[in-house]
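Shared between the two complexes below is subunit A, which pairs with subunit B and subunit C, respectively.
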Partner chain A sequence: MSSYSVTEPSQKSKTVAAVLVIAYALITMVPLVWIILTGFKSPADAISYPPKVVFDPTLEGYVNLFTTRTRVTPEDLEALGPPETWYDAIVRQYDMVIAGPSKFGERFLNSIIIGFGSTFLSIFLGTLAAYAFSRFRIPLADDLLFFILSTRMMPPIAVAIPIFLMYRQLGLSDTHLGMILLYTAVNISLAVWLLKGFIDEIPREYEEAALIDGYTRFQAFYKVVLPQAATGIASTAIFCLIFAWNEYAFAVLLTSATAQTAPPFIPTIIGVGGLDWPAVAAGATLFLLPVMIFTIVLRKHLLRGITFGAVRK
Partner chain B sequence: MAEVHLRNVTKHYGRDVGVEHIDLTVEDGGFVVLLGPTGAGKTTTLRLIAGLERADAGTVHIGGREVSSETPAQRDVAMVFQQYSLYPHMTVRENLAFPLKSPILKTPKAEIDRKVAEVAEVLRIPHKLDNKATALSGGEMQRVSIGRALVRDPAIFLMDEPLSSLDAKLRSDLRVELKRIHAELRATLLYVTHDQVEAMTMASKIGVLDRGRLVQVGTPREVYEDPASAYVAARLGSPRINLLPAGLMDDAPPGAHVMGLRPEHIAIGQGHEAQVARVEHLGDQTRLHLKLADHDLVTLADDRIPNVGETIRIAPRNPLWFAETGARL
Partner chain C sequence: MSDSIADKAARATPPRVARKVRGLSDRAIAWIFVAPTIFLLLAINIFPLIWTIRLSFTDFRANRQGREVEWVGLRNYERILTDSDVWLSMQATAHFLIWTIALQVILGFALAWLINRKFKGNDLWTTIIVLPMMLSPAVVGNFWSFLYQPQIGLFNYVIAFLTGQNASSFDMLGSVDLAPWSIVIVDTWMWTPFVMLICLAGLRSIPDYIYEAAEIDRASQWRQFFTITIPMVLPFLMLAVLFRGIENFKMFDLVVQLTGGGPGNVTTLTSIDLKREAFEKWRTGYASAYAIILFVTVFGLASIYVKALNKVKER
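On to the complex of A and B.
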């Protein structure tokens, strides 16, 4: 750009903006990178002072995360012969043998089932409710919407004890269904309000055209409205998933043996055989992945929101 | 194609009048244009026929069938909207095929391909078929949306100001196109517009709406030459009809309150003196803005074009007379 332009930023301001953005990105990424790096450190490197930026990477943290181990005497170790696998070898450096798998895999799977299950349910119910609020003349619609919003006005944990008692009575304590219902109940208000906003933006004429083109109301909804609400659904789904995925307090309170999710489990690793920071960091790293992947997969829809709606008004 | 018949149809939105006591027949193969300003009830009438609104009173018959309890899909009508006409997440081809794929028609694939190709040809968009609907120009979008109606063989085509968002050139092209399509398909059309040129050029019958009421129905010539009221007279004609006090120029018939003078009702050269206030050269015609005893009027110049400030003489010739209520005498 040689000439002056009102809309086009100058080369200098572009450079300044780029430097600021990159600097900010680096600063926010440091803790994340530190967690990921710690996952590949040995326990000694993880707690060394000053902190080590350069170190010999090892998979110890991951092995410890996925296994339970027992200490054996050097003679017994001798008697076992050479280690059969690479993870056996890692463990034996510390005079230990693998006793069996840890609960991490199971807890992680619980997180996936409960997180994605409640996200799906929130989006499913939220989309239907939002569509109805957006399109139909519902008696007391404004009051109902306010009521739905009001469920979010106090911190969910304030009702922890009543929920704990109710869940015990209903047999929902420590079940996947119970946790899915709970997270859905918390997320549904957000989903209804966000999605209503997105659906309000879609002109009714599209559905009316589909109705006249020979489709039923429901077909018009899923063939015409849903594809256009994809942006809104994607971003709402990310919000719902992040809440359900990271939720800690209810998970601690209501789950233990069968339906425990990863957040309450990861801190318990600390207690097994001393402060095993690399294992905790490895757990945290793996725990980050699903939300990141989910967001990246849906990114296309999020970005589409910018160029969407190129219809002449 | 079928005849569509509205009898005493009334629709209110809360306290606002949508339409009131509409009686209208669109005969098989007819091209009826509803004319009126914004809020006159034109679109409401279309929506009532399409089944997008439910009438408070009155009946709608399509092809002799009472359709009040039928869904839009069952009524077998096609509608072209003023805007938002295309499904933005589909290609042009998918847009055109969408009505044919409906559970009511369930057209076989080969038939869909044939019809889509045919309509694309008629509307001169075959090279755009695989474009995204949003990648079209305004004129192309509107042609595709007309095409989406044309792929079907509905009882009636309902068109809600389909040309109003287009530029002048495209509008006149598509006007000719629509007229040709109407003639070729022997289609029944109910067309809504506030553009009198569209009404005059395309309609076999014009219906004029005023605040929800259908005030006159007739051929374009009837409505133009023999308007039922001052309101109707003012809807057609360019420049607009001049509405002047009845006694201003010559004697008025008893009961007359307003004299309506179209440009062709004004003879230049003799009669009352009028000052030329402004001259507009439009190329094919020259408009004269005249001042006659404190009243403004507009007419067309004949062979000689006067200068601004000049005084010319004008006389009424077969004017239209209206009573105080606006009704024609």
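On to the complex of A and C.
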């Protein structure tokens, strides 16, 4: 034990730790892997007992996710002639024909528009406010910052009641603009909080040098400070995007048709006799996979951002 | 102090250049930069809050416009605080809060402590553990209701396989005894990584020399753990508990998709109860009072907690 170092754990303890952590990680992954697998199962395989790990993969779930179908008699089906496409062929096994596209594409697009729209707006407004809080003396700055943060303590349903009434008056119910503004209002408190931290870390001397060189304050802001804060801005943007992407409570209460996002829609995909689980799983896969890939690729910024945001106060 | 460099430079430059240097005054820029954010928050957070307070003293119903609205004073508040259903949903929320926080603190700290052994590839496995908390609670909760199916669900199969019971002999979502635990399990699966990350930040903030000094003093591993590790991580851990507490007090999406508040009312958390009052029974005035009570409760509890947290930090 003479070579024992306190700061470097022993090899044995490292191995034990690795085994336990990896075991937990694998268990954690099971539900996620199961979502992805179920998306490629036939309805019969999805509900078989015992649950099937090995099965014939099919794209039925994905076809059902993107289409609406109607049942036809076998005679009518024969009269139609051979199926023209692979997805037609899948549907016809069940005496059905494709009636048209489903709403999933639209809902997914809404998620993208509202997610990116509100992220852009939160970052734009948040960066300006964060810069001002970081660099200028603002009266009652601490109170304002606390007020901005405390708005996150309200349960979404509590905010939803007056928003619902207000939006009905203003004609913003079930519109993209209404949802973008709402998500921006929710996100901006976190955005200002995180961004102020990032901007605080940039030395003031850079801007002062720029001011002496003849830049205006505004030029110094976007030519000197913004590039320096780019990574901070990017990781804040990811958090805003993930929130808007995942949000459910406001979406389910304030949207119904034109501006509905994917989270309230996916759980309502109905098949024959109840939820169509392969289609639900296919929708969930398409919706969750981008976030999973994002998380793994950008892990360094993300993980730092989570702890940074939480620990800073 | 830092202003002085710029000030000196400004005084040394001729007036025409100086005007260009200054552009808009700093004060003007500060307000232009902050105003849109404040305006948005006033319009979409504060104005609605004031409106809610106003509505909470009325018998307004949002589905009947044009009906005469009456002031009822504090009657809504009175009714809520004496309503046994409200207290039941408070109890359901308390059960959910206490158990999710307890489990997440234990698991999260243990994981962080293990990851801090710095074995090879720990950052990749950390990322994999973090995945659930990045995902949409509604979509994930909906899929968990499939895993919990008594006949066909994977969860029931695994539990049956491990315990030798029949997989269809227990119904996680349909049984009054098990449903409150079903939501605790999913929330723990989703949010343990958050507590873990905060604890990890805490563990990494402890400087090595403290342990080295303890080693020189021949403090045992246990003693080091209880006198150095735990006290140093405690402020971080308490912060994680604060965030999880606020979030889970507001919990809606995950539980709505899992149990919808059932069976009966056993998983009707306050947010779900509130949603029913406001958007199903359309008792807008009553629901507004309910919302105010919840907000005051969170805010009050959080304020007391932050005071305690600051005391721990000072030590």
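Keep in mind that, in the parts below, the second predicted complex is superposed on the first by the 259 of 313 C-alpha atoms of A that agree within 3 Å, B and C clash if a C-alpha of one lies under 4 Å from a C-alpha of the other, contacts with A are read in each partner's own complex, and residues count from 1 in each chain.
Note that in this section a contact is a pair of C-beta atoms (placed from the backbone, for glycine too) under 8 Å apart; a residue touches a chain by one contact, two chains touch by 3 or more.
Worth saying up front: this structure is predicted, and the values here are computed from it rather than measured.
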Subunit B versus subunit C as contact partner of A:T236, first or second or both or neither: neither
First, second, both or neither for A:S42, with subunit B first and subunit C second: neither
Subunit B versus subunit C as contact partner of A:A210, first or second or both or neither: first
Touching partner for A:A129 - first (subunit B), second (subunit C), both, neither: second
Partner chain in contact with A:P227 - subunit B first, subunit C second, else both or neither: first
Subunit B or subunit C, by number of subunit A residues touched: C
Set intersection of subunit A contacts, subunit C complex versus subunit B complex: 205, 208, 211-212, 214-216, 219, 310-311
Subunit B partner contacts - residues on subunit A that touch it in the complex: 203, 205-206, 208-216, 219, 224, 227-228, 308-313
In the complex with subunit A, residue positions of subunit B that touch it: 50-52, 71-73, 77-79, 81, 83-89, 98-99, 102-105, 134-135, 138, 141, 148, 165
Subunit C contact footprint on subunit A (complex, rising order): 6-7, 9, 13-15, 17-18, 20-22, 24-25, 28-32, 34-35, 38, 46-51, 125-126, 128-129, 131-133, 135-138, 144, 147-148, 150-166, 181-182, 184-185, 188-189, 192, 204-205, 208, 211-212, 214-219, 242, 245-246, 248-249, 252-253, 262-264, 266-267, 275, 277, 280-281, 283-284, 287-288, 291-292, 294-296, 299, 302-303, 306-307, 310-311
Touching residues on subunit C, where the partner in the complex is subunit A: 2, 5-6, 9, 17, 20-24, 26-27, 29-34, 36-38, 40-41, 43-49, 51-52, 55, 62, 107, 111, 114-115, 117-123, 125-132, 134-140, 142-144, 146-147, 149, 151-154, 157, 167, 189, 194, 197-198, 200-202, 208, 211-212, 214-215, 236, 239-240, 243, 246, 249-250, 252-253, 256-257, 270-271, 274-275, 278-279, 284, 287-288, 291-292, 294-295, 298-299, 302
